[in-house]
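I have a structure here, written as C-alpha cells, and I will follow up with some questions on it.
Here the chain labels run A, B, C and D in written order, and each chain numbers its own residues starting at 1.
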Amino acid sequence: MHIKKGKGIIMNIKLIHFTPLGVADLAISKCWDKKKDTIDIDRIYRVANKNKHSSTIEHIVYSFDVDGISRACLQELARHRIASLSVKSTRYTLKELKDEKCFNVYSDLDRAGKYCVLTYNEIVDEQIVRSLEGLRQCLAYGVSNDIAKYCLPESYKTSLVLTINARSLQNFLSLRSSKAALWEMRELASAIFAKIPQKHRFLFEEFVDETN
Amino acid sequence: MHIKKGKGIIMNIKLIHFTPLGVADLAISKCWDKKKDTIDIDRIYRVANKNKHSSTIEHIVYSFDVDGISRACLQELARHRIASLSVKSTRYTLKELKDEKCFNVYSDLDRAGKYCVLTYNEIVDEQIVRSLEGLRQCLAYGVSNDIAKYCLPESYKTSLVLTINARSLQNFLSLRSSKAALWEMRELASAIFAKIPQKHRFLFEEFVDETN
Amino acid sequence: MHIKKGKGIIMNIKLIHFTPLGVADLAISKCWDKKKDTIDIDRIYRVANKNKHSSTIEHIVYSFDVDGISRACLQELARHRIASLSVKSTRYTLKELKDEKCFNVYSDLDRAGKYCVLTYNEIVDEQIVRSLEGLRQCLAYGVSNDIAKYCLPESYKTSLVLTINARSLQNFLSLRSSKAALWEMRELASAIFAKIPQKHRFLFEEFVDETN
Amino acid sequence: MHIKKGKGIIMNIKLIHFTPLGVADLAISKCWDKKKDTIDIDRIYRVANKNKHSSTIEHIVYSFDVDGISRACLQELARHRIASLSVKSTRYTLKELKDEKCFNVYSDLDRAGKYCVLTYNEIVDEQIVRSLEGLRQCLAYGVSNDIAKYCLPESYKTSLVLTINARSLQNFLSLRSSKAALWEMRELASAIFAKIPQKHRFLFEEFVDETN
C-alpha cells in the first residue's frame, strides 16, 4: 500500500461548524411526541441507525474546511449530490503559478508538492512535476487561465468548504472508506471521520471500513 | 384580511440552531482564494444575492422548532424538497385525543384550539370542532389511528423540526410571503423570518413581501 | 385486514411514460467503456441491484397518473423528495363541491366515495360523510377555498402526476410496501408496482414486500 | 474567440430519450383540474416559464449521450446536482492508452485529439500532448490506473450519459451559455440546446445566450 500516512498526504481537514446532537434528539421527539429532559443518545442510534429512520439525522450538519486534496479527488467528491461545496476555482486562481520559479523534475519535488498531490510513485511524480512546469510556462507566457487549465494535471491541489448532513455523511463514509475506493478518497474519508466530534462518532462508526 | 396577528394564530416558531456567517465567508474566500481577517458581510451579499452565486450560502443552515401549524400548512411545507423535516406522526400520536372530554361546538372552541388551527370564520370553525369531536369519538370507540386519521380535519395541528439552508430559505420566503400564498403559509413565512438572527437578515430581506 | 382489494380502494394508477432500459444499459457501458449490441439485463441487475451502483438506473424515469388517493396518503407521498409531483390544488378546485347536493350520512356513502377515500370502518366513514357535508355547506355559504379547506377531512381525494426515477422508486417500494406502512400507502405501492412494465420488474421485485 | 465551431471541438451529443410534452400538459391539468383534448403549448409556457411554476416541467426528462468533453468540463458539469450522470471511469478505463504508440508533440496532435480536447492554443496543446505521452509511459511501465491518473491532464476526454429534467436544464443552459461560462461549457450548452426536440425549444429559448 503506497499511502504513507502522516508523510505523503498533506491534506488538511478542519471541522469548522457542526449542529449539536440535541437537534436530532428534538426531531426524534417530535415524531412520537415524546420529550426527554436529557439527550438520549441510545434513542438517536436506535432510530437513525438501527431502524433506518435516517431523515432524523439530516438535521445534524457538518461544515469542513478541506484543503490540499487533488482535483482527481474532487471529481469523485463532487458526485455526492446531497452536500454543498464551495471550491477554489482554477478559472480565477491559476495565475498563482505565474510568480513561481521553474520547477525542476529532479530537485523541486517538495516545492511541487505545494501545488500537487504526490503519489510517491517516482515516474508518476516526475510526470506531475513536468506537467506543472508546462502549465507554469503557459501562464508565464500569458495564456489565459481558461485555456491553460486544459493542461492541468488532475493531481493539482484544490481547497473547499464541504457542508454535509449526517445521513449523507454516513453514505459518503460507507462508500469512500471501502477498499474499492480511490486511495486518496479513502484518505479523505479517514481524515473527515477523524474530525467528527467524539460525541457524534457513534453515528458513523459502523459505516467506516477501518481494515485498510 | 382575516388573520388576527398575535391572537388567532398561535403557531410557535423557535430557532434552535444556525450556522454562523463565517462559514459562508470562508466558502466565498475559497472560490477566489482571497481571505479576509474579518467577516465581510458586503461580500457575502454581493456574491450570494447580487451575483446569484447562491451555493455559497448553502453552508448556512437553520433549524427551527415549528409548533402549532395545521396539516393543511404541512401539505405545502413538505413540498419544499431541499429541506429536512421531522414531523409529529398522526399514526403514532392520535391517541392523545382519547382522554379528552367531548368537544362542544358552542362552548369548546378554545379547547379545540389546542388541537386545531382556527380560522376565525364562524361556520368553518364550528365544522372543525364537529370534525374534531367526530375524530375523538372514533378513537374513544377503539378505532386504530391508521383508520381514524381519515376523518382528521386538515386544520389539525402538527409539530416539527425544520432544517433548511439559506439558499432554500430564500426560495421559501419568496414564494410563501407572497400575497398569492395561503394565509397560514404567509404567517409561517413571516414567523420564520422574525426568528432569523438580526445579523443574517440582509440575506433574506429582499425575498420577503411585507406588504401583506 | 380491512382493505377490500378491488372493491374499497378505487385509486386509479396509469403509467403514462417511461424510459426504455436501453438508456441504463448505455449508462453502464459508459462507466467501463464496454458496449454490447443487445441490452444486457443481467448486467443491469448485477450493477444496479447487486453491486448497489444505483445511480446507473436513475436514467430510467417513470411518470404515473395517480388518481383517487387521499390527502392523508399525499402527506406521506410528498415526503419522497427525489420525485416530482404535480397535485390537484384544493385552493383552486374545492369549489367543485359547491354544486353537489347535500350528503346524507346514511344514504350517500357511495356518492361521498367520489370525493373521499372510504375506510370500510362504519363509524369513520360516517364521520367522513359528515365532514364532507360540513365542507360543502361552508362552500355553498360562500366561504373561500382557502378558509374552507381547514375543515377538509384528510380522506379527501386528490389526483396527481408523479415522476420518479428507478432508484428512488426502489426506495419508495421498499418503504411503502412494508407491513409497517400505512394501509393506503401499501395499496399505492402495490398499484404502482403493478403498472411497472413487465421487462422492468426485475429491478423492483426484491424491494416489494408481497406478504401483506 | 478561439472556438472553431465544427472543427476544433469534436464533442458529440446525442439525445437518446425524452418525455413527450403531453406529460407536462397533464401535470398542469391536474393542478387546476382542467383537462384539454389537445396539448396546450401556450399554457405550458405560461405556467412554467412566465408564472415560474417550474415544477410542472420536471416531468419532462431528457437523456443525452455526451461524448468527447474534457474532464475539465466534467468538473463543472458534475456540480449540477439535480441531474444524473454515468461517466466513463478513468480508474477502470485508463489502460486504453497502453496499446497506443508514443505521442510526438510535433506530429501527433491529431492522434492526441482522440484522447484529449485540444484548445487550438499552440503551447497549451503541445503541453497536452506531452502530458498524454507521459501518462502513456506510466501505464506502459505498469503503473496502476489509480496512481497514473494523477498525471492525467484535465483536457482528457470523457464520455457519459446525462439525464436531466426540463427545469434543471433551463438552469443549466442559463448558467452555461453565458459569456461568463468556460468556453467548453458554452460549447456543451450550445450542443445540448441544438439537440432539444424542435417542439420543446420554446421552454429553453429564453435561457440561452446566443450572442457569443
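We adopt the following convention: a contact is a pair of C-beta atoms (placed from the backbone, for glycine too) under 8 Å apart; a residue touches a chain by one contact, two chains touch by 3 or more.
Predicted model, so just to flag it, every value in this text is computed and none were measured.
Between the CA-based centres of chain A and chain C the separation comes to 38 Å, rounded to the whole angstrom. Between chain C and chain D the centroid-to-centroid distance comes to 34 Å (mean Cα coordinates, whole Å).
With centres set at the average Cα position, the gap from chain B to chain C is 25 Å. Residue positions of chain D with contacts to 2 or more other chains are 85.
Taken pairwise by the contact criterion, the protein chains form one closed cycle in which every chain touches exactly two others.
Pairs of chains meeting the touch criterion: A-B, A-D, B-C, C-D.
Residues 16-17, 19-20, 22-23, 26-28, 30-33, 55-56, 58-59, 61, 63, 65, 84-89, 92-93, 96, 159-161, 163, 165 of chain A touch chain B in their complex. Residues of chain D that touch chain A in their complex: 2, 70-72, 74-75, 78-79, 81-82, 85, 91, 116-117, 119, 121, 123-124, 127-128, 130-131, 134-135, 137-138, 141, 143, 146-155, 182-183.
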